[in-house]
Amino acid sequence: MTMIFIFLGLSLLLSYVLSRKQPTLGAYFTIIASLAGLISVYLLRNSVGVTESFYYLNFQITTIGWYFAMILLTVYFTSAFFNPFWMDELIYPAAYNSLYLLSLVGTIGLFFAQDLMTLFICWETAVWSSMLIVQQGKSRQAAWVYFVISAIGSMSTLFAVLLTMYLSGTSEITGALTYFTTAPVAGALVFGAFILAGLTKIGIFPFHVWLPLAHGSAPHTFSPVLSGGLVKMGAYIAYLSVAVFPAYQVFGDSLKIQGVPLPIYGLMILGAASIVYGTLRAIQQEDAKRLLAYSSVANGGYILIGILMMDQMAFAGGLMHLLNHAVASAAAFLAIAAVAKRTGTTKMSELGGIIHRMPITYTVYLIAIISMAGIPPMGGFVSKWLIFQGLSEKGLILLATAAAFGSIGSYMYVFRPLSAVFLGQLAPKYEHIKEANPVMVTAMLILTAMSLLLGVLPNLVLKTIAKIQIELGINPIIVNGTATLTENGSVDMLQVFTVFGFGFLLILILFMVLPKSRRVGLMDTYTSAEFIHTPELLHYGHSFYAPFERLYEKWPSVLPLYKRMSMKLSELGEWAESFFFHPDPNRAVLWIVVVAIVVIIGGAQ
Amino acid sequence: MHEVQKNDRSLWEVVGDYFRANSIWMKWYCTGCGAIEMPPTMTSRFDMEQLGMGPMATPRQADVLLITGYLSTKTLRRVIYSYEQMQDPKYVVGFGSCTLNGGIYYDSYATINQLDKYLPVDLYIAGCMPRPEAIMNSFGELIEMIKKGEAKGWKHYKENHEWYKANQMDSLGEVIIHDEFHE
Amino acid sequence: MWSPVWLIVLPLLMAFISVVIKKQQYLLLNLSILLNLAVLYLAPQGMVIIGGFRPPFGISLNFDRYAFISLLLIQVLMLFATFIAGPLAKKYGTVLLVLLAGINGMLLTNDLFNLFVMIEVVSIASFIISTSNGKFTHTFHYLILASVGGVFFLLGAVMVYAYTGTLVVQGLFATLGQLPNAISLIPMMLIILGLAVELKLMPVGSWAKNIYGNSNVLTGPIFAAVLAPAFGFVFGRMMGEVVVLNPITGYTLLFMAIATFVLGELAAYRQKDLLKTLAFSSIAQSGLAIILFTLNLPFAAILLLINNALAKSILFWVATGVSTAYETSSMKGLRGVFYNHRILGITFSIASLSLVGIPLFLGFYAKVTAVMAIFTTGLIWIPVVILATAIIEGAYMMKWLLQLWSPAKEGHLASTEEVPEKREALNMTQIVAVCLVALILFVFGLVPQRVGRVLSVASQAEISQVETVAEGGGQ
Amino acid sequence: MTLMNFIYGFLAVLGAFVFQTSLTGINRKVTARLQKRRGPKWYQQFIDIFKAFSKSSITHGWVYDFGAIMALGGIAATVIFIPVAGMQAFPGLDNIFVISYVLAVGMLGMAMSAAGSGNPWASIGVSRALTNMLAYDIPFMVVVFTLIYQHNTGSVSELASIQQGVGILGWNFFKLPLGGIVSVIALFGMLGKKPFDSFIAPAEIASGPMVEYGGKQLGMMFTLHELMTFIEVSLILNLFFGGGETLLIYMVKYAILYTFTNIVSGVMPRFKIDQAVTFFYKVPLGLAFIQGLLVIYLGWGY
Amino acid sequence: MIQFAGIALILIGIYGLMTTKHMIKLIIALNVLELGANIFIISVGFVKNGLAPILTADVPSDLLNFVDPLPQAMVLTAIVIGFGATALGLAVARKVYGKYQTYDLSVIGGEE
């Protein structure tokens, strides 16, 4: 395992050197390096429990770490296919390539970290290296907000890590965290600090502000990594703080709601809030990437709720949703990136009819959103189904309602880019664009195939998750052939897929039997007999859900709150500056006297 | 003008004509005052739904284009556009005497006097304006025509496309498009 | 033969010589620093009594590990600072030599009054150096404040003498501790206030904003990387050996230090001017060091001082270099400047990441050590404040990094067309020197534990006082 | 999974189509009677659908066709999942979430096909339809969660069979009256009946998603509508009205339920889409929550 | 008694530093402050009726009431340092005057 880190470390240097000579070469090298990483981590699947040390960093292979690392590597690997085509848009291509690999090293290190210090070091490495990548996109502000929100998480983790190390006297994760079984008060503090990091990184309401900014304006090739990959670091922290950290024991005495301790329930409510908020905001967006970013906020809520449940179904659902969302979201972002590469924009109202030029990209996007919306037979369905089953089994009705809202609301927002970007009239200025480059198409098809495979044969993954559940000592999800069984329901996705295919086949036959249709252009549509000559005007891509949006357009947004907070801090700084740092010697002397008097009076008492 | 061809339908067409005769969906092109006679025809006294007839929202869905009144040169273009958007087999019904001969404004520069020069009218309903009784009666006629396969205006239009186009161009003249809303 | 006295005498001697042969000032300066380094390496550690007088009539020098570490840091940074400042340093060669002698004396001396003298020497030298900013009102402001601070320190020292009859620094706290609180209160307050001016402690450090904020390639590094750690070390010595804190003075000092840290970072957060940002950052960091010294956690404080000195020197070199070259230090004017100055950019990034305390850099080790050390005092709220403030610190440093690296307008992809034209900020040799310091910082970051081991010896060797504010407060 | 399953499945689709289409025709007559008209023949709906199939058609590109096939295919597959009077083509696949999500395949296919026609009215219609779905589904889902919690199963056929055998009072509609009312109101939304039919408003947005369909695609959309109606009514029937012990009872109950909705909607005006959302989130959602809290926290409803 | 004189001078000096904006007056106030401090220091070592701390043949070696010489030595140094600072301050003030033609800091304001 150390070898993987050394290899990736060397390859990031190599990719820097190569990129200095020829940026594209270095970018292609990132594909090879991440593939090598993927394969070598895959080969570690049987060596669970092995520990290794590298300098003062300690690593251990765990099933859950392996699972997370595989997800991350998949996303990095597929997104790397896009890197070579964006080199000319970046002003620091060499830095991009090497930071790309550096953030990969950081994230994998996080998942394999054995001690808390290693955990934190890897965490920070991933954060700042990805922040430096984000700044190469459209917005510095976004990168900054990303860093600041992450820093809130980092600093709270650091606090938790150090306090844990101080109190427990050990830094080994499991040993240190299980210490709190006997110290619930300090445990609550550490839990709060730890989970805060998870919340900021998953982008849970109200810490979600960085997601739309960073995802929306990062270089197009890096948005999939941010959404599909780096967000999952937060999920890992959430996992640590509820599964490894004995959260249910620490809060064992607190008020319970349907068997869930109140603090954890409160966090789940935050997850539910981010589902609802993310959904509503995603519906409003005019930019495809920002829309997908808000969908990540919503999906982060599912993941958080699932992991916090720590039961047979929802926990498995949460862990599986990680993978499903990573794959689907990466595919969707990549598809949008491919479109942006050809058209130069991600604004939905400026696009339209891209399907006529990029049908494969369209298919990729379609399958991605089907998975994201949780519609069978794609992967997203299984995980959402598990979460629903878990929530309704426990009777957590508020959370279940939010989950349902996010699920159905997702039809609305995922359909929006489908319709506005891909369907409808093609603007004449995009008449000559071509399908995405075969290299990009390959990456997208890999993810699409994965989405489909996960949907049809979810048990491939659920087996691993069952293993994790057994390690944690909770009731594992039961897999039986192609069927997935839970306490209150079962599903066999292969059968569902077959029946769906059967239905599709029936209708296809019916369709073929009937007379063939005449092809007409998209400008030949019913317009109340009015003549329209401009395709852009006929295409409906702006304010798609206007009546619905009107219902909540006046709702306060969170970002202004942060802005106001930042402004208040600045004002405080300004006050300090003008009050204590006045360029006037009189005042400085006055202050000396004031301090002296205060001390003397205080001391005299 | 070509002669309407002899009636030799395949079995498929015969069955199809049966369905089409019993399910007449109309697109009303309400250009003039005649449209006011349609609501009584629809509602409880005459109830045209008992014959399977009904109004439809778009020409794509409709079988019959019902032109209820005056056509000006401006609306004629729209009518032709709508007609061409309809799916075969499709039928045109001219409603009121204005579609027949221009009605009382026959001598206006903007009035279209004889609809069948521009579109293949299968059936005219005379009157100014025709009462619901007349409408029901004439639709009964149309149903019979469709059943027998005699309503072939749409085929006629295809076969004599140049002739119709020439008439249309003649009447409309050249259209110069300035922008989306001005021509 | 090899005595630490040379560390003071040599620069002073060279200073006199340099008055005579003006042309060779710069050579003499460098020569004396190099010789100092040699002396540092060769001189045996221990107490040196000068002239055979028994203290307090004579002066003794305390050359222990603590002094060694601080002197080494100062000599090295001085060497780089004078080298990089080049022509400016030539102009101020004599003054710099006096400054060096003063600082060395300050760090070595074991006599409270001698310390006052050295502080005044350093102050006067630094007044003169600060005039090279060309902003005389600011120098005047500094001069008035530092003189008042000096007088306070002197009064404090004399009162200590009056009460105890001795001026020997080492072990003074033991004698002072026997005095009643009400008596020791005033001299302690005077000593701390006197130092607080130079330490830029809020609210008496108001001179720093403009002196740092208008600095050039000489003054910036000298003030931020030589004077600041030097006074930090002196303060550490005072806290370890002299100052007896009662709850009132202790909490006042702690409160002032925390206010300095938090408000300093907040003030830095709102700056739109690179040098001013760095100025407030220095103020805030010195607050953090004082927190640690006050809590009697010298090891963490030393680490922090070293990290700050190295990082700040790099930051000031680069910042003053580019702001001189581009004739502005505003955020708008410097946007994307690192595109043409990659190496400077990388060193600046390393320094700022280390300053913020990002892992893989020395600053992280310092931060962790500090927080872990504070935990042992039982004051858990202080780490919370420190870490929360670190978010703000990270925020503004990153804002600057992003702006300096990226030439793009907000909302647009960066393009090379918007890059500011290339001007020479620092010449090749200067860049190499900056890189060397950055390399030192980077290497320290890679082997933090080794650095820590060396330093922990220093901190243990020196500080003999064990009482902490927390314990004092608990009484 | 044998061939027989598939044949049963095919028959289920066919049966559902025939049954529901006849019922639609009958209900057109019922509506006509309400309006003092004679109304069409009872098989008028068949004629309409077959006529549409018999006409020529146009296509706006492959996604227009593919969407239509996907929609109808998805809906046909969903019909196969629906348990009718205890009969299922594929036993064990009748999880409520599976059904409601496979249904979404059809919705998405239709929306895709409609938007693929490039007609702005179709897009407006789709936008309204999806908004409508968000409105009615949330209260319904809350009720479904309550049901699953109460009976500890997500299988529709099991939920139906639990209610059988104890007469009319065994129905969930009477055990969970608030939930029952909510789900019947939601049924109106699902079926797109007045007052929740603004997404196909013919005079305002030219029948919304259907605007560009003609010929065989239109026929497919009509078929889809019939099958979807069958699924939705069956779902409510199974969940709240005890399904059916035999096929006959099932059909009778079904006909009564469907005709009821039809009669009610016959005298209703139309909500604007935002009014529909507000309505659903005020009244039915509130009732559903009250029901849920009563069941989960107070144990009522058993 | 003499201590109080020193303290009074210190307070006067501080008062001057807090109130005047004139650079020269500030320097004068600073000097007053230093003078006060010096007097205070001298007073620390002062012994009433004490002798000079100089060993001569007349003075018995076990004499105890001599004046503490150390504060006096300190004051000497402090005076020198104060002189240096004053000279520098005046030079700076002169420079400022050359630039702004005034000594009044309130007129100059913050120099940017």
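Lettered A, B, C, D and E in written order, each chain numbered from 1.
Methods note: contacts are C-beta pairs under 8 Å (C-beta built on N, C-alpha and C of every residue); 3 or more make two chains touch, one makes a residue touch a chain.
Because the structure is a prediction, the values reported are computed rather than measured.
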Given subunit B and subunit E, the chains that contact each of them: A
Minimum number of chain-to-chain touching steps separating subunit B from subunit C: 2
Components of the interchain contact network lacking subunit A: B, D | C, E
Farthest-lying chain, centroid of Cα atoms versus that of subunit E: B
Interface ranked first by C-beta contact pairs: A-D
Of all other chains, the one whose Cα centre sits farthest from subunit C: B
Inter-chain centre distance, subunit A versus subunit E - centres from mean C-alpha coordinates, in Å: 68
Centroid spacing, where centroids are CA-atom means, of subunit D and subunit E in whole angstrom: 97
Whole-Å gap between the CA centroids of subunit A and subunit D: 35
Residues of subunit A touching at least two other chains: 524, 526, 583-585, 589
Shared-contact residues (touching 2 or more other chains) in subunit B: 58, 60
Subunit D: positions in contact with at least two other chains: 56-58, 206, 211-212, 215
Pairs of chains found to touch, sorted by chain label: A-B, A-C, A-D, A-E, B-D, C-E
Complex contact set, residues of subunit E against subunit A: 14, 17-21, 26, 105, 110-111
Subunit E-facing residues of subunit C, complex: 56-57, 113, 116-117, 120-121, 123-124, 127-128, 131, 135-140, 143-144, 147-148, 150-151, 154-155, 158-159, 161-162, 167, 210
Interfacial residue positions of subunit D with respect to subunit B in the complex: 28, 32, 35-41, 44, 47-48, 50-51, 54-58, 202-203, 206-207, 210-215, 218
Residues of subunit B touching subunit A in the complex: 29, 58-60, 77-79, 81-82, 85, 177, 180, 183
Residue ranges of subunit B touching subunit D (in the complex, touch as defined): 12, 15-16, 19-20, 22-23, 25, 43-44, 47, 49-52, 55-58, 60-61, 63, 86-89
